[in-house]
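The chains carry the letters A, B, C, D and E, assigned in the order they are written, with residues numbered from 1 in each.
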Amino acid sequence: MDIAQILINTLVRAAELSLLAIGLTMVFDILKFANFAHTDYAVLGALFAYVFNRILGLNLFLAIILAAFVTGWVGILIDQAIFKRLRKIGAKPVTLMITSMGTAIALRNLMRLIWTSHTKTYAIPLQKPLEILGARITPLQIGIIVVGLLSMIAFHLLLHRTTFGKALRAISDNSDLANACAIDSEKMIKRMWFLASAYGVIGGSMIAMEHLLYPRLGFDIIIPVFCATILGGIGNPYGAMLGALTLAFAENLILALDLAPLINLGGLFNVGSIQISTGYKPAISFMILIIVLLFKPTGILRKK
Amino acid sequence: MPLLEVNDVVSGYGRTDVLHGVSISIERDEIVTIIGPNGAGKSTLFKTIMGYLIPSSGKVIFSEEDVTRLKPNFKVEKGIAYVPQLDNTFPSLTIRENLEMGGFSKDSEALRQGIEIAYSTFPILSDRRNQRARTLSGGQRQMLAMSMALMTEPALLLLDEPSAGLSPKVADEVFNQIMSLHQKGISILIIEQDAYRSLNISDRGYVLALGQNHFDGSADTILNDPQIKEAFLGG
Amino acid sequence: MRKYALMLAITIMCLIMGFGVASAADTFKIGGLVPITGTQAVMAEDLSTGLKLAEEEVNAAGGVLGMPVQVIIEDTETRPAPGMDAARKLIDVDKVKVLTGGFSSGVSLPIAKLCQSKGILFVVGPPTSPLFADVGDFVFMMDVLDKFKGKEIVDFAVGDSGKKKFGLMFMNNAFGMALREETINNLKAQGAEVTTDVVYELNKVDYKAELQRLFAKKPEVIIGTWYAKEGMVTAKQAYEMGFLEVNKVPWYCPEMVSSYATAVKEIPDALEGVKGLTPLPPGLLYTEKFKKKMGRDPITAYAAMNYDAVIMIAMAANFANSTDPAKIRDALWKIDDFYRGQSTGGDKRFVGGGVQGFGKYERTIIKGGKIVPY
Amino acid sequence: MPIINFIIYLLTMIGIYSLLAMSLNFQVGFTGLINFGQVAFFCIGAYTSSLLVVNAGVPVVVAFLVAMALSGIFGYIMSIPTKSLKSDYWAIATLASGEIVRLVALNEAWLTAGPFGVMGIPQILKDLIPKDAYPVFYLLFVIACIIMVYIFLSMLTNSPFGRNLKAIRDEEELCLSLGKDTQKLKLQAMIVAGTVGGLAGSLFAFYIQFISPENFKPIETFLMWAMIIVGGRGNFKGAIIGAVVIQLFNVSTRFLGNYVPLGSDSMAALRMTIIGVLIILFLLFRPEGLIKEKKKVYD
Amino acid sequence: MLTIKNLEKRFGSLRALDDVSLEVEDDSIVGLIGPNGSGKTTLFNVVSGFYEKDGGEVYFKGERIDGLPPNKIAKKGLCRTFQVSKAPEKMTVLENMLLAAKRQLGENPFSALFMRPRVQKSEKANLDMALELLDMLQLSQLKNDYAGDLSGGQKKLLSLGRVFMLKPDMILLDEPTAGVNPTLRVQLMEAIRQLQKMERKAFFIIEHSMKVISNICDKVYVLNFGKKIAEGTPEEIQQNEQVLEAYLSGA
């Protein structure tokens, strides 16, 4: 077992996941529903970035920023067209959740219609790994961890230092009272969608850089993102980060764990190495999710 | 011309009407109390005035302007402030942040001044400015809620059961505070369920029952009317 | 009520209009099953092109029994149920007597059973599961069985590297698991040791934990196979984790083209020196035609199998002078000696159970961003 | 007539899906349990019955019953967390449990043959029915099952038991205050739904005669949801109508390719886009679906 | 019938119930009054099992019931209504009434399927009883309307009807007359008193209207700040200094 490598892999994955989880948790916090389309927004943004980067030849960094901006508006647009109407007729959160599932399917296939199912990559060269403490890490991965960290700090500052952030927290606490404080909650919700989608795009583009990009990607990453979000306690941005870390660590650790010493009990039995089949890797996040939900339904960090 | 006029308002939740044609009015510099049993529609009336609920008929007129369909946040900007009954602060925000939220529409200079005023009026808020609002006691919470509402420098203040859950002593303090606000020239509309204390400081009162005006008149009339006393004041 | 009656009416209209067109004209129809959507959709365009190229070529040469050939392509969505929808539609609505194509064994196997029971000829394109051989006499295969491929890759890897400790990484589906089983059997027969045996789920974006596991017991040689998407991600991550250093631990892949066709273009440096088998070269004729039609190189060699399948079906029908599936079936056994195919080395002779017995695999290596003969 | 064969095939598949949609509607429309793991019942039913027949040589009837029982038991297991979880958390947990069931089928190859799937599932009563009439026979069998399930579920939902379920859906606390053991009721509802789902799975397995884990991906659950949203929740006619609409739509778009100048990839993408949009439009503008929940009127 | 000993309930730092002890005798009507936020509804929620207590004991008919889930408590014959009446949106008034009926055979899926004649017979009996009650509550013309469409007062009446359907030994009523029109209110009180006399049921009522309380209650408890500050007959309570100070504040 190579602890250093496991830790590095964990950090990279956690950085990507938590950027996505934050947007999800924010929407849940304010609008009280789980947005199944969230990762598809992220992928849409990553595809925009691909267009800007590969087709218009923009610098990748600029391309992602621009894509985040554009997708932020898409998030607002979808909210105005769909979710706002449902809010107006007082739909239950569950209805919103199912609607977001429909939105996810429509959006994902629309992307396929436009960009085809083929995989895409950004114009970045292959990374040569550096060796740190016996573990390998690429400059891009360091970048991802740094961007992840910076985004988290930025998010924290946003929530606690800006009027907008405070207003968001206020709406999350008590939206009626927020209205009585002259806070235009619809306007704040618009900005919140912009922010959630934009953060998602940063996460999505980082996944696209580090791994691959294709229209179905959103569906392939939604479960771990949900898992991280719930693990940390839905509606809590710090929980989302912690959840992402925990999940990433568990995924990397559990496959590396050798259960034999546990069963042998110091020589009582003699079993060769017993490891969980890698075929069950996708089940790890599910199992963690279910176990957490069963024993601590509010997640690791209780909300507020 | 009254400051606020509610004209024959029919309003409610979804398909169920709670108010069946309620009319009230408040002049400038008045304290008015609305009493009535639970379920009479008092809170619904406030929510309709504030714009959380849009009436199916009737009008809400504030400063000679029809504001019936205005959203709550715009009403606040027009000069109506509202202190809800129990959930009237943001528990996870600090006291300072709560005050900032109260003055959300103000620019930073006005905001700073407003906060200073709030601190000087209620020194306890100043002492605990960086603590979260959920740590406050009931009376302190009520003071914070009122300070928040005052941040917008309103012309009219709506108070939903300001003494709910408070001990008599603290409730007295709250009512003293209401008096001093009134002296600063703010008109005040209070909902109370058991309303001796608030009627005592009020100019006029309305009695609401089953979503309709039941009675109105000066505070003394109401306090001394034996029928009302028996039916609504629990005496 | 009115609304839903209207909707039903519209849907039924669509169906009837579909029926109307589908049963037109005097043509020889071949059903082509292609995974247009779903997990294998990346190769769909190539696979369809393989079918269409053959169709054009046959028609240019006069068609079948004087009739033009029409290949009707249907989407299997890479899932068994819609695959079944597609096959049923082709057989029952379009009235095709011959089917070809297919991709996943899991999707194509129930279709093969259906064809056998209905007396429809199914010339399976790319799938390689040995289970097809047992279905019956109406089912033929254009690709070489996993059994041959497993032996071939083990011979290559053991002989070439001279090492005995193997790490395996195969995808968790019918194709991957069959190949894995054959590989393990052959390795054992050669006295080699399997240190780690990793199976992975398709359509994930992170395979670092699997790679970590693969290398945990210090294997000396790696054998593994992927599809384009997973091949790209795994190669990239293995390289970044320092696991793809072929001079230390050589990598062998039984399916070079389908595993690395995308990756070799995007990240050639990472894959430099990876060796493996290529069921090619597709005949120059095919590659050129493909290039002319699509303006690019083919991604996958499997498309050539679809091409071969259509050509052989047409030849057999002409030879039998009939469009009856049973007669075409018999004719297939007679023409296979004469046909030089475009896939798996060109030899398209069937052996027992209607499977390919003599396909050749070329040993290849990735050099300078290209898969070249080793 | 081959076209008739295709229509019979289509109707059979619609029938199987409408069973699944009815089972889901029983959970969602009547009990208010938001189950995103409905496909698990389908999977367990299909695997249990086919493995029992293929590997253990159990008579088909017994295999069907065991399959229904096992998938009912899985319903029971799924219902346990409803005690402590809010409905949206539970929904996500069911999504996970549906996938776990599929992963077990995929990875426990000693039992399920893993990715290779279960081959050689025999046809029911093959020897007694002439080959040409078999599809019609099976269709009739499926229809008979639908009628039985329809009557069975309608009897349940019209009984005091069904009334309790509706009360849970609308006001769970009230139900508690009236002395109803809501947890037990949910559990019973999930068992009933699981049993029906298991039946659908068995019917599917013995119709297609080959099952593999690929049949049971989350997308299936999504299609079932589309059916009950379009058809209407809180009544079983809606589930059947929904299954008809969604399945016909799915198949008819195959024919649309003849008229619309789009590649097949785009066509398939368009089809799913339309289903997604359809769901959104229904939820926005006709939330009760094509068929409204029927008001129970006493005179 | 109901004995509460030293009951405590905290929400964070707030003591919602602080060492409350009280008793409700067999076939009596007991009132519970106190200002808003004094813990009346909390007390009901703890007694009926919706909240978990933080200390103390609750006995019903000599049996300890604290810690039991709400449905078990209701089954034992201790039923309640809610302050804001709950009305299942898509169930008719009559369905609501039938829902409440006790020990229905058809609640078990098996008997619902296989013992239909007997289920239908008990349904018929319940239906008759429900119609009778609806008549009394003047709701019979609304019997086939959705409960969600009723007005607040009508919902209150419906919730009373539901509780009567349960035939409990003791009923906790949370503001049964709020929002009900005055003529009906009198009838309602009359009904409660009759029920108490005829069927020997005990009532425990949260009320605001002193008139109601003094009309029908045998005994009254007063809560303030989660503490019991007084108990006695309605006349005694109206004279009690402490009560006047806290509850009637300055009158």
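In this text, contacts are C-beta pairs under 8 Å (C-beta built on N, C-alpha and C of every residue); 3 or more make two chains touch, one makes a residue touch a chain.
It should be emphasised that the depicted structure is a prediction, and the values quoted were computed from it without experimental measurement.
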*Tell me, which chains sit next to both subunit B and subunit D?*
A, E
_Between D-E and B-E, which chain pair is linked by the larger number of C-beta contacts?_
D-E
*Would you identify the chain whose Cα-based centre sits farthest away from the centre of subunit A?*
E
_Report the inter-centroid distance (CA atoms only) between subunit A and subunit D in whole Å._
31
_Length of the line joining the C-alpha centres of subunit A and subunit E, rounded to whole Å_ = 48
*Express in whole angstrom the distance between the two chain centres, defined as the mean CA positions of subunit A and subunit C.*
35
*If you average the Cα atoms of subunit B and of subunit C to get two centres, how far apart are those centres in Å?*
74
*Identify all positions of subunit E at which a residue touches two or more other chains, and write them in rising order.*
148
*subunit C: positions in contact with at least two other chains*: 37, 41, 44, 172, 199, 201
_Multi-partner residues of subunit A (each touching 2 or more other chains)_ = 112, 117, 277, 279, 282
*Chains grouped in pairs wherever the two touch, ordered by label*: A-B, A-C, A-D, B-E, C-D, D-E
*Spell out the residues on subunit A that touch subunit B in their complex, using ranges where they run on.*
90, 163, 166-167, 169-170, 172-174, 176-186, 304
*Name, in rising order, each residue of subunit C that touches subunit D in their complex.*
3-4, 7-8, 11-12, 14-15, 17-19, 21-23, 34, 36-37, 41, 44-45, 48, 73-75, 77-82, 84-86, 88-89, 91-93, 95, 104-107, 109-110, 113, 129, 131, 172-174, 176-178, 199, 201
*Spell out the residues on subunit C that touch subunit A in their complex, using ranges where they run on.*
37, 41-42, 44, 172, 198-201, 203-206, 208-210, 212-213, 216, 228-229, 232-233, 236-237, 239-242, 262, 266-267, 269-270
*What does subunit D use to touch subunit A in their complex?*
34, 81, 84-93, 95-97, 99-100, 103, 106-107, 222, 225-226, 229, 265-266, 269-273, 275-280, 283-284, 287
*Mind listing the subunit E positions that touch subunit B in their complex?*
12-14, 35-38, 83, 148-153, 156, 175, 177-182, 208-211, 225, 245-251
